[in-house]
Every structure is written in structure tokens, then in C-alpha cells.
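As C-alpha cells, here come the structures.
One chain, chain A, appears in both complexes that follow, with chain B as partner in the first and chain C in the second.
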Partner chain A sequence: MANNFEEEIKKLVSDITEVPPEKLKPDADFFKDLGVDSLKAIEIVAAFEKKYRVIIPEKDIPNIRSIRQIIEYTKNLK
Partner chain B sequence: MNWDKEKIKSILPHREPFLFIDEVIEIEGTERVVAVKNIKNNESFFEGHFPGRPVMPGVLIIEAMAQTSIILYSLSKPEIAKAHPNYYLGKVKAEFISPVYPGNKLIVETNSVKILDYAAIIDAIAKVNDKIVAKANLVFGIKPREIL
Partner chain C sequence: MSKKRIVITGIGVVAPNGIGKEQFWLSLKEGRSGIKPISRFDTSEFKCKLGGEIKDFKPTYFLGYKGLKGLDRSTRLLCSAAKLAIEDAKLSINYNNTDDTGVCTGTTLSSLWNFAEFDKELIRDGPLFTDVSLFPGIVINAASSQVSIRFNIQGFNTTVSTGYSSSIDALKYAIDFIRLGRIKAVLVGAVESLSLVNFAGFYHLGFFAGIRGEELSCPFDKRRNGIILSEGAAVIVIEDEIYAEKRKANIYTEVKGIGSFFDAYKTGKYHPEAYGLKESMKKAIYSSELKITDIDYISASANSVPQQDRLETKVIKDVFGKFAYNIPMSSIKSMIGEPYSAGGLLQIVASVGSIVNGFIPPTINYKIRDNDCDLDYVVNKARIARINNVLINNYGPGGSNASVVIAKYQ
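Take a look at the complex of A and B:
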């Protein structure tokens, strides 16, 4: 299940960043390593919220900078 | 309560001939705004697009959607909007279904997907006579106005 979730997140991030899923390392920094700008970041957040039916508060968004951090953040939501 | 052009101008930085909303006819909290643009027979863009075969350019339908989206943003973030920030369209995924002609009444419906202080994602559709003529997903950024 955990792996499936990681793969789902990779697919979601890949669709927006246009970086192939196999090249998305869990700790890659969205901004420094993947060329994500603030508008792509909000797209990732909106796609995540839609898929998992959650709301990510605006104050938390700057702290979510990698796939691993998304996964960790999601654990805290449950 | 409908917004007239003066109220619209108090929010939008756009002015004629690049103001593409005539009236706001529906507001549902911070989630949805519906606006109208009456496409006149003598719109300047028809002269060249195209001579003898006037069609509203798709980019201007997107512009009407973007301007309506700013109104929607201003309802979520009134304090930021009041300071008249700069709005930058960042990404658009659009589909054009039918042409828009002189005399058409273009209805632009916008729905909030995600609105933050510095950015917004809005879904929009444009209709003529209840028929959808275009759909788009718009991502735009907001920055405080720089003093020149």
C-alpha cells in the first residue's frame, strides 16, 4: 500500500513537472532539483487535494518540498 | 447584486479596449463568479480577425475568463486585491468548441479550484445561448505592485 501511494504521488508530480516518474527521487527538492516554481507548486497541491479529498492549509505549503515530505504530511492528516 | 463596469474597474487593472467584462451577474460566496461580455459588431479586433469573416479570437475569450477569475480571486482575498497587485497568467489549458461572432452575448462562468495569497487555479467555461463555446483551466500568480 505504501509503495502504491508513493507511486501515485510520483505520477501526480510527474504529470505536472513533466519529469518522468523513474527520475523522481523521494528526497528531490521540488524547487531546487525539479525546477518547480510557485505556480507549479500550487498545481501539485491542488491535484493532491482533489485526488485525496483533503485541504492543505496555505501555511503548510512552503514546508512540503519533496515526495517524501508529501507522504509524511499525509500520515499526519490521518 | 450585479456589478457594473465601474465596480469591475475598481478591481481589475484592465481598461478599454482591453476590458472584456461588461457586468458581473452572479456571485456565489468565494466559489463562483459569472460575468457577461456583450460582443459588439464594431469590436476593433474583428477588423483583422478576419476581414469579411469576423470571429472573436480564442485568446480574447481566455482573457475574458482571466478577468472574471481576478474578480473571483478578489472575493477570496479582498485585502490583497484592494492593494491592486499585478496579476500574471502562468498556465492555461483550454479547449475551444464553437466560434463566437459579433452580436453574441458571452457568458463566462468561473469556479474556484484553489486560491492562495500568491496564486490561484480557476476552472472557467464560456457560453453563448447556453451552449459551451470554450473551457479552460487557468493558473495565475499575484505579486504586490512594484513602485516604479
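Take a look at the complex of A and C:
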């Protein structure tokens, strides 16, 4: 993982949600705060998996609802 | 089915030689071509370099920034044309009338780009790492659906995909829906966009001008040797006349008659007698309740393919007999190229301009006469004329044929 991992994740989420990176708070809930629908949520997961070449198990997906949770989850993957 | 009168009350067009109806009509009147060197993708490995490309298209101007990222070029073109048409028709779509309004789009290859990109990543990066955001766009009804989503149109949404004749077939479907009393107004759309995939496909089929001979769109001219592929989108608002009058809409023209016919022959080949086109024309004229002598102008499907232009000329003589020589005709494909499924609706929009503004657009690039093509072609310069009734043809190899008669509203 790159050093600027958090920034990379922000950009990835920003590209999909169309919310500027500076407005993306680490704890903002994708569904409640950013207007992400189920399709966009799948896009976020798929883009993450593609970028870092990992597979997130189906059961974990509903628990990842913010940028901070993506980062925390990734720590466990290492 | 009741014979409700069907009127055209709104027009949106995004064409290689003009965006918006006024620009498009002006370009046609001035004989201005939209065919130019392609810049959207690299053509260095092809013999052919030209296309009817829309270069100055800025989707944000029509659609804003939000939600644009996930839309491919075809969808952007169609949604922009839809916005222009809705505004032109002064159609206010709201909670009360959304169920009375529908969308019907003719397109065949518009989702090909998404398909190819999705597939490319699947092969390059492996099946687990392809871009899922491309997937919703690979269905053929994606562009049409986005029109409904964006403008909240809930009556019905259909995509008609019959190759060349798709957009006139879409119009026919929409008219039937109105006449059945199931809907009051329909946004009839058509779209195709240029991409490396469809360009390479038509190129390898050997359809392009420039593979053998000059790279030029010159319908009816002896030098013609194939199509120049193009892109474009058009949307017209059609309504039941009573509904249009009730909401005090501006009526451009009436759709008098329409006909289609599938003359299945051989894949990618023309029926040697253009039987289907002949039947489509007869059906369109018969259903319009006009006489053949009432037709003031024929907007030809001629796309600069040797066989197509000759066959169209022949069947016009079969249907109109000696009157064929008295009816001016022209092909706007000399200026916009061959936009495949979108061709019919772009011809309809052009013909509305002919009726409203009193001119016949020219077939440009005409120089050398072909004895097989000997009708009254309006060549190189527009002709000023009073036009009441136009017959529009659309067909290509493969079997699908469609014709429509539009008329001055009176």
C-alpha cells in the first residue's frame, strides 16, 4: 500500500460519489451522508478491489460504510 | 385502432453539422458538411480517416456535471437532444402527467463502447477486476432509460433496435401506443456514437468509402463507393393532436403515414429488388391517405453505396411511375454521413425544417452523373420550394426498411 493511502482512497471514493475530496470526511457514512446507492457502493468496492488486487469477502461488505472503515479494514488485510 | 392525428411539437438535435435545430437547418440549407478527420480515436492503421464526428459537443452545457461521469457518449448525446426537445416543446413533465408521457428510442450500436471496455478490462485484468460501473451501460436500453431517469418520464420506455431503420420503427411503435390510447406524448429518440469498435466493424465489412476509391460521401454520383460513418442524436416530441392543442403546444408538422417492412434476404445484403423498401413506401403513402402526386419532396436514404442509391432510385420509379421524375429528392447523408440507426430521425428533423422554412437540402459533392440514377436530385445547392408533404425513406442491407410521410399541419 502506498504512503498516501488515505488520499488515494479519498480520490477513489470522490470519483465515484462525485463529492470533492476536500469535502469527504473520514467518518462520513456512504449511505446516510454521501447519497451512495447500492450500485455506487458496489462500484466503490469493485474499484478498491481492482486497485489493490484484493477480494473483500461478501460478508464484510455491509460493514464498510466510510473511508475510515476502509482504511481500518485494510490494516487487517496486511 | 382510432386514427388519432399525430403531431410533432418539439425537436432536439445534436448532429455533426449542427447542434440545435436552428444550426442544423442552417447547415443543411447552406450545404455545410459535418464530415471531417476523426479525432476521437486513432485512425492511423485504417485507410479511412473521415467521419461525421460531433466536435464541439459539451454535455455539461446541457446536463450539468452531476451524474455525468457514469454516462457514455451515446447516452450523453441522447439526453442532450432530449433536453433540447423537451424545452422546445415546452413540455412540463410533473407528477400529474408523467404517466402520460413515454420514451421510445431507436438505436443499435450505442452500447457497444461500454461492452468493449468492460470486456477489455475483463481480459486484461482478469474476471475479478473489471470496472463494474461500465456494466449497467452495456444493455441496449441504457441510453433510453437515462432519458426517463433524468427527466422523470414514467409512462413507458422502449428501445427499438432494428439496424438502419430503428428510429422510424421507434416512431411507428410510439404512434401505435398513442393511437391505442395508452399514452399521450412520446419522446421519440435516436442515437449512435462513433467509437473505435463500430468504426473497425464497418471498416472490416468493407462498407467504407475510401477502401476502394475516394473517401467521399456523394450519393447518386457515379463515383460513390461506400459510407462515411457518423454519429448523432435526435429527439422529437410527438403527441396526440388533441393533447397538443389542449396544452397550446406549437405544432411543427403532422406525421401522416408510416410503414415498415422486413425483406429478409441475406445477412448484410440488399434485396435485389429492394422489395421491402417498395412495400414500406407504399404502406407509408397509403396510410397517409395522400395521392402519390401530393408528395413534394423525397428525403432519400441514399448513403453513397453504389447498390443502395441505385435500388432506391429504381423503387421510387416503381412506386411513382412517370411522376417519379417530377419529385425533387436529396440525401442529407452527403453532409452528415451515415449515422446508422439515427439516420431516419435526423432525416425527419431535416424534413420538418424543409416544411417550416421552405427549402430542400442539397445532396452535396455531386459531380458525375450515373445513368442508373436519373431522378430530380437537388444537388450541391439547396432549392427554395414550398413543401407540404415529404416522404422519408430509411433502409440498408440486412432487411429492415421503413418510410414515413410528414406533412404541413393544417
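Here is the rule we use: the second predicted complex is superposed on the first by the 75 of 78 C-alpha atoms of A that agree within 3 Å, B and C clash if a C-alpha of one lies under 4 Å from a C-alpha of the other, contacts with A are read in each partner's own complex, and residues count from 1 in each chain.
The working rule: a contact is a pair of C-beta atoms (placed from the backbone, for glycine too) under 8 Å apart; a residue touches a chain by one contact, two chains touch by 3 or more.
If you're wondering where the values come from, they're calculated on a predicted model, not measured in any experiment.
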After lining up the shared chain so the two structures overlap, which partner does A:43 touch, if you call chain B first and chain C second: first, second, both or neither? both
Considering only the touch criterion stated at the top, classify A:18 as touching first (chain B), second (chain C), both, or neither. second
With the two complexes superposed on chain A, say which partner A:53 touches: chain B (first), chain C (second), both, or neither. second
Classify the contacts of A:61 with the two partner chains as first (chain B alone), second (chain C alone), both, or neither. first
Which residues form the common part of the chain A surface touched by chain B and by chain C? 39, 42-43, 46, 49-50
Which residues of chain A touch chain C in their complex? 15-16, 18, 39, 42-43, 46-47, 49-50, 53, 55
What residues on chain B touch chain A, complex-wise? 90-91, 113-114, 116-121, 139-141
Okay, in this complex, where on chain A does chain B touch? 38-39, 42-43, 45-46, 49-50, 58, 61
Per the contact definition, I'd like the list of chain C residues that touch chain A in the complex. 65-67, 69, 125, 128-133, 136
